[in-house]
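Alright, structures below, take your time with them.
What follows is chain A paired twice: with chain B in the first complex and chain C in the second.
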Partner chain A sequence: MKLIFFLILVLTALSGLMTVLTKDLFRSALYLGLTLFGTGLLYLFMGYDFVGWTQILVYVGGVVLLMIFTIMLAKESIMRPLENTVRNPFTTGLFALIIFLLLLLIGKTFYFVPVGLEKDVTFLPSLIFQSKYLIPFEILSILLLVAFMGAILLSKRE
Partner chain B sequence: MEPKAVFFLSIFLFSLGLYGVLSRRNALGILISLELIFNSANLNFGLFSFAWGEPSGVLTILFGISITALEVVVGFSIIILLFRLRRTSNADEIEILKG
Partner chain C sequence: MIGTILLTIIYVFVALFIVLYITWIERKFAARLHNRVGPYYVGRPHGFLQPFADVLKLLLKEDIVPEQADKKIFNIAPIIVFVGALLTFPVLPVAKNIYISDLSVGLIYFFAVSSLMVFGVFLAGWASNSKYALLSAFRAGAQVVSYEIPLILSALIPVVLAGSLRTNDIVQAQKVPFALYPVFGWVAFIIFVISGLAEENKVPFDVPEAESELVAAYNVEYSGMKFALFYAAEYVHILALSVLGSILFLGGYRGFYPTFGPEWLYQIFWLLFKTFIMLILFLLVRWSFVRIRIDRLIIFSWKYLFPISLINLFLASLWKLLF
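Right, the complex of A and B next:
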């Protein structure tokens, strides 16, 4: 079990690295899907069944699919693929490295005692429907509806 | 389940996303890198919820996933619109707002 966990960790990190390093945007989106899938598996490892499967369904099934569709639609032609050149890779890489080291420094101060919760399918419904989070949850659904209608309106051909 | 290792993965993904957002020229590439940042933030919420026994972090992941789906849908429809208008998805060439 420990081996599988570290395998997933390494796989997620490597596919995340490939997401930003690949020249081809299509492959980049596929690697992003792998990263998100690995994160979903990590949620499952923490015992968050509902959140993990939601992540896999919504992200890998919905968002990455949408990205792939968009990339295919926006492809200028098969002869001339989308250029995905990088600007100032060394400066930005150095900046990202500095931020990484800073976060590492901050992370050293945290304590991690895996308290663990019960499975999220047992406490999520009561957390949503019997607490102050009900109104934000409902507002979120309205926001989803409005945003999807707006997206359809934006991308509709006249 | 090693919380420290997951934390390292989370900040690693965040730095990668930062690098991608700053260095990519293509608007689609920028949005893809932005997804990495959102994902690492969600992972952190889940991790601290796990490590400190606080259930509301799990709920925040659900909210975050929904908001990210929204952001992707709207962003990509804008990119398709721009592509139809200017035949490019290169963020440097899109300068309609420039006075």
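Right, the complex of A and C next:
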């Protein structure tokens, strides 16, 4: 089990790296999908079933798919191999290091707080479906949808 | 552990066997509707062995990879589609105590895994480096993304009424055998069947395949076993959706049975019976309608099915809260 966890960890990290390094835009999107899939699997290993599968459903099946769709619809010019645009490797590296250390700090501070109730995998679905939160939840999603439609309408020409 | 592995192997083999015979049933069924005879010679008198002959033929075909194709992605795509289709089965219980995994988020798992199939279709269309395949993948993507929303929203009705995402709980919540839920359930069932058909790229929603304009589908460039994987994945997914539909709306393995004999045997019989009804429903629609134009197809999903299923879900949750 430990070995599988480690393999998924390596796969996720590698595909995350490849997302940035690959020259092909389409491949880059694919690696991003793999990274998000791996993240979902990591959630599953921690016992958060709901979060893990929702991550895979929403990100791999939705967001990355839409990205690929956009890339396929784009003009020919966007499909040329990407150039390496890093001009100042030193500054970039420094910023990356600072962000990494910051994340490490946040992780050290908040990660080991006992989570208790939220680890219960049936908690979130029953919170949504068996309580008074259901209707506010739905109204909220409709609100988001209306905002989405408005954005499409505004960005339309003519 | 060993029991689960054995059960998984049995699941896979039974599913693939049923899928083989769905193709035979479909050919016979279509032939009868067209006033033809259908497969006849292999396994006389009714062509019982035709599926095996088909598999053998596909196995013996030459495997062609186009020169200009993106070979790695080209080879991975059919595997992703097939595995995605097959992975949907673990959460589908065939009897009260026979299931591979009793996941507490079973339905989300089902849809998450089947969304991998669309991913594979996109990869196939892109990697083939053919305009027909690419256009077909576009259409398939647009169609599946639009129809997935009504499909999931209608599948949420039993979830809301049963108060659980676990497939076994949903079956248990349906007290009377064969009973659909009140009006919401009927509406949801109809939407589920329509969007299920669209999800499969089947007639009347088969614009991605459109033989007359796009040659065949995103799998034009594929031959031999890789083509067979796409073909099989489609039928495996139809089977999975039929089982899911009978679990969500028709009461799953519940039914009338005598008190003697093993209970699970009757339950498996009822589940297969209901699945068969769903399959025949899919086939009947498939072979009696004509193809819809692509813009009307998308409009049908977004302007009619989506609002109806949204209102339906809203009313169902209101009903659940009040009573």
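To be clear about the criterion, the second predicted complex is superposed on the first by the 99 of 158 C-alpha atoms of A that agree within 3 Å, B and C clash if a C-alpha of one lies under 4 Å from a C-alpha of the other, contacts with A are read in each partner's own complex, and residues count from 1 in each chain.
In this text, contacts are C-beta pairs under 8 Å (C-beta built on N, C-alpha and C of every residue); 3 or more make two chains touch, one makes a residue touch a chain.
Nothing here was measured: the structure is a model prediction, and the numbers come from that model.
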Query: Counting only touches as set out at the top, which of chain B and chain C does A:F100 meet: first, second, both, neither?
result: first
Between chain B and chain C, more extensive residue contact with chain A: B
Task: Check the residue A:M72 against both partner chains and state whether it touches chain B (first), chain C (second), both, or neither.
output: second
Chain B versus chain C as contact partner of A:I56, first or second or both or neither: second
- request: Mind working out whether A:I142 is in touch with chain B, chain C, both or neither, as first, second, both or neither?
  value: second
- request: Go through the superposed model and pick first if A:Y133 touches only chain B, second if only chain C, both, or neither.
  value: first
Message: Considering only the contact definition stated at the top, list the common interface residues of chain A for chain B and chain C.
response: 54, 62, 66, 73
Chain B-facing residues of chain A, complex: 5-6, 9, 12-13, 16-17, 19-20, 25, 28-29, 32, 35-36, 39, 42-43, 45-48, 51, 54-55, 58-59, 62-63, 66-67, 70-71, 73-74, 76, 82-89, 92-93, 95-97, 99-100, 103-104, 107, 110, 112-117, 120, 123-124, 127-128, 133, 136, 140, 143-144, 147-148, 150-152, 154-155
Parts of chain B lying in touch with chain A, wherever the complex brings them together: 1-9, 11-20, 22-26, 28-29, 31-33, 35-36, 39, 42-43, 46-47, 49-53, 55-56, 58-59, 61-63, 65-70, 72-74, 76-81, 83, 87, 89-90
Complex contacts: residues of chain A adjacent to chain C: 26, 30, 33, 49-50, 53-54, 56-57, 60-62, 64-66, 68-69, 72-73, 121-122, 125-126, 129-130, 132, 134-135, 138, 142
Message: Which stretch or stretches of chain C touch chain A in the complex?
response: 73, 103-105, 108-109, 111-113, 115-116, 118-119, 122-123, 126, 134, 137-138, 141-142, 145, 159-160, 163-165, 310, 313-314, 317-318, 320-321
